[in-house]
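Letters A, B and C name the chains as they come in the text, with residue numbers starting at 1 for each one.
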């Protein structure tokens, strides 16, 4: 590779994994009733969210799975999940924190996925695709394992749009010769901001959304009303 | 490889991806009520159906994912999904067209999967397995992401049988020295015809099927109490 | 590799695949009512459980999928599934046999996954992770395809704990220079015993468990009526 900057530094990767682990555990802790998870279940979900994006990225790129080449990824994900679980009571009311974390995690995973794909020589469109899959893959795995409707399909389409926009900005900027670090920062920013704006926007039409949600909730009878994250 | 014919021509691959995208979008457009998908959701499902077979095939073969090596695959899948969505109103009553497309897509993906597996040196049985997974994988992903019962398990067993029969014909013919192109055409034909016959057969007992379906819906009610294993 | 013992002998691998196939088919045969599966469905589930662990292991390790390199794996899985199905009536009351088989299968897949990961140079923590994923992966695929709540999250957390404990024992013993065969036997034993103890323990609180299950069943009540296409 002519461009060694494409190598994601370990600390940055671990930050994304850790934030994902915290966010996943906070999400999983939010369920009550029949879907309530025990400590181990919450830890598993936190780990899945923290590790999922990187695993899916490397499977799609058919490369060695980076997240399994060092003890640190799993240790970070599990410890982050435990922290998220312990602090869940405290964070519960800090809904904004969860949403903010979530937006940042999507942005980071999207940027890492797109960068690595470009570094491996993928064309622009599939590179963006890999970025989007990295960004939303952890959440899809989480929903499938928890037996929830896949958020991205039902309420969270903007997830995918936010991830795609950021990944596209990164890939296009890179194609025009912008240094990768700058392109990546731009990509993360675009994804995070779009995602946050989407949430803030939604706040202006909460009734419709809530009604929709409640309807789903009532008729799927009790997939619990997630007040949390997405 | 002594037999360069094993290389699937790009245009043929794109035809399969495109037909899959149209078919997936038509399927996803058909839902109303709580499961109604927005434009983006329909596009995602179309893309998943169009791309899924090839991705699963290459993951199982542990080779570079062909569908991510060129911009055309994703562009074709997305454009096909948009076309499918736009024409959904028109096609809605052309149920036969959807069924026919579906049968053809299964046949194509099954043949491509089996051919590629044989070309990479897999024995006959796993080559057929890869063909079946390529053929039905997109549909399984679609159902899991949409939160539907996986069609292949409940109403669509014949899906798997049709795909397996076509893949087997291809693999056996190839083992007997039939040129691959001829073997592939035979395989696609067998799968498509079996699938169409299965549907036509079903038409003679629509009531039972419909009853069955409704019952499933009502009584899936009870995720049964597993007295069994775990 | 200095340690050729890391190569899992074909017969041992096939024993694990076969036991998984029998166990999966017994599980799938146990459903009545709307979730009742036909012969083909039971065979598919048996095959998925028998093959799933090995497939997931090799995907995570980014190596050639061993289970697709010989006809024997699939033939064994399918034949085992058929045997399991035919004997289901006989075994139905031998609940202990199913549970025992299940515990043994988890132990074997966990040990094979961890061993192979160590042999490929993965550090201890991810090697244990690969072992756990091999052990529980077949069951997760089974539940997702059958549309059941993923057992590992709801009633079967101890699945993961048992698999992790056995994999950890194997990996630590290996790190301390214990020959792999001995380490693997220790690992399989630990997993199997923990799993069996967990089941025996559960027997002392069956009411709560049953109540819990029934509640889930009642309230997931209505997966809405799909009138649509497929």
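Things worth noting here:
The rule is simple: contacts are C-beta pairs under 8 Å (C-beta built on N, C-alpha and C of every residue); 3 or more make two chains touch, one makes a residue touch a chain.
Note that the structure is a prediction, hence the values are computed from the model and not measured.
If each chain is drawn as a node and touching chains are joined, the picture has every node linked to every other. The busiest chain interface, judged by C-beta pairs in contact, is B-C.
Residues touching across the chain A and chain B pair largely diverge in numbering: under half of the numbers involved belong to both copies. Averaged C-alpha coordinates put the centre of chain A at 29 Å from the centre of chain B.
Counting partner chains per residue, chain A shows two or more touched chains at residues 59, 62, 144, 219-220.
Chain contact summary for the complex, chain B toward chain C: residues 26-27, 30-35, 59-62, 95, 98, 117, 122-126, 129-130, 139-140, 144, 147-157, 160-161, 213-230.
Chain B makes touch with chain A in their complex at residues 34, 37-38, 40-41, 44-45, 55, 58-59, 62-65, 67-71, 73-75, 144-147.
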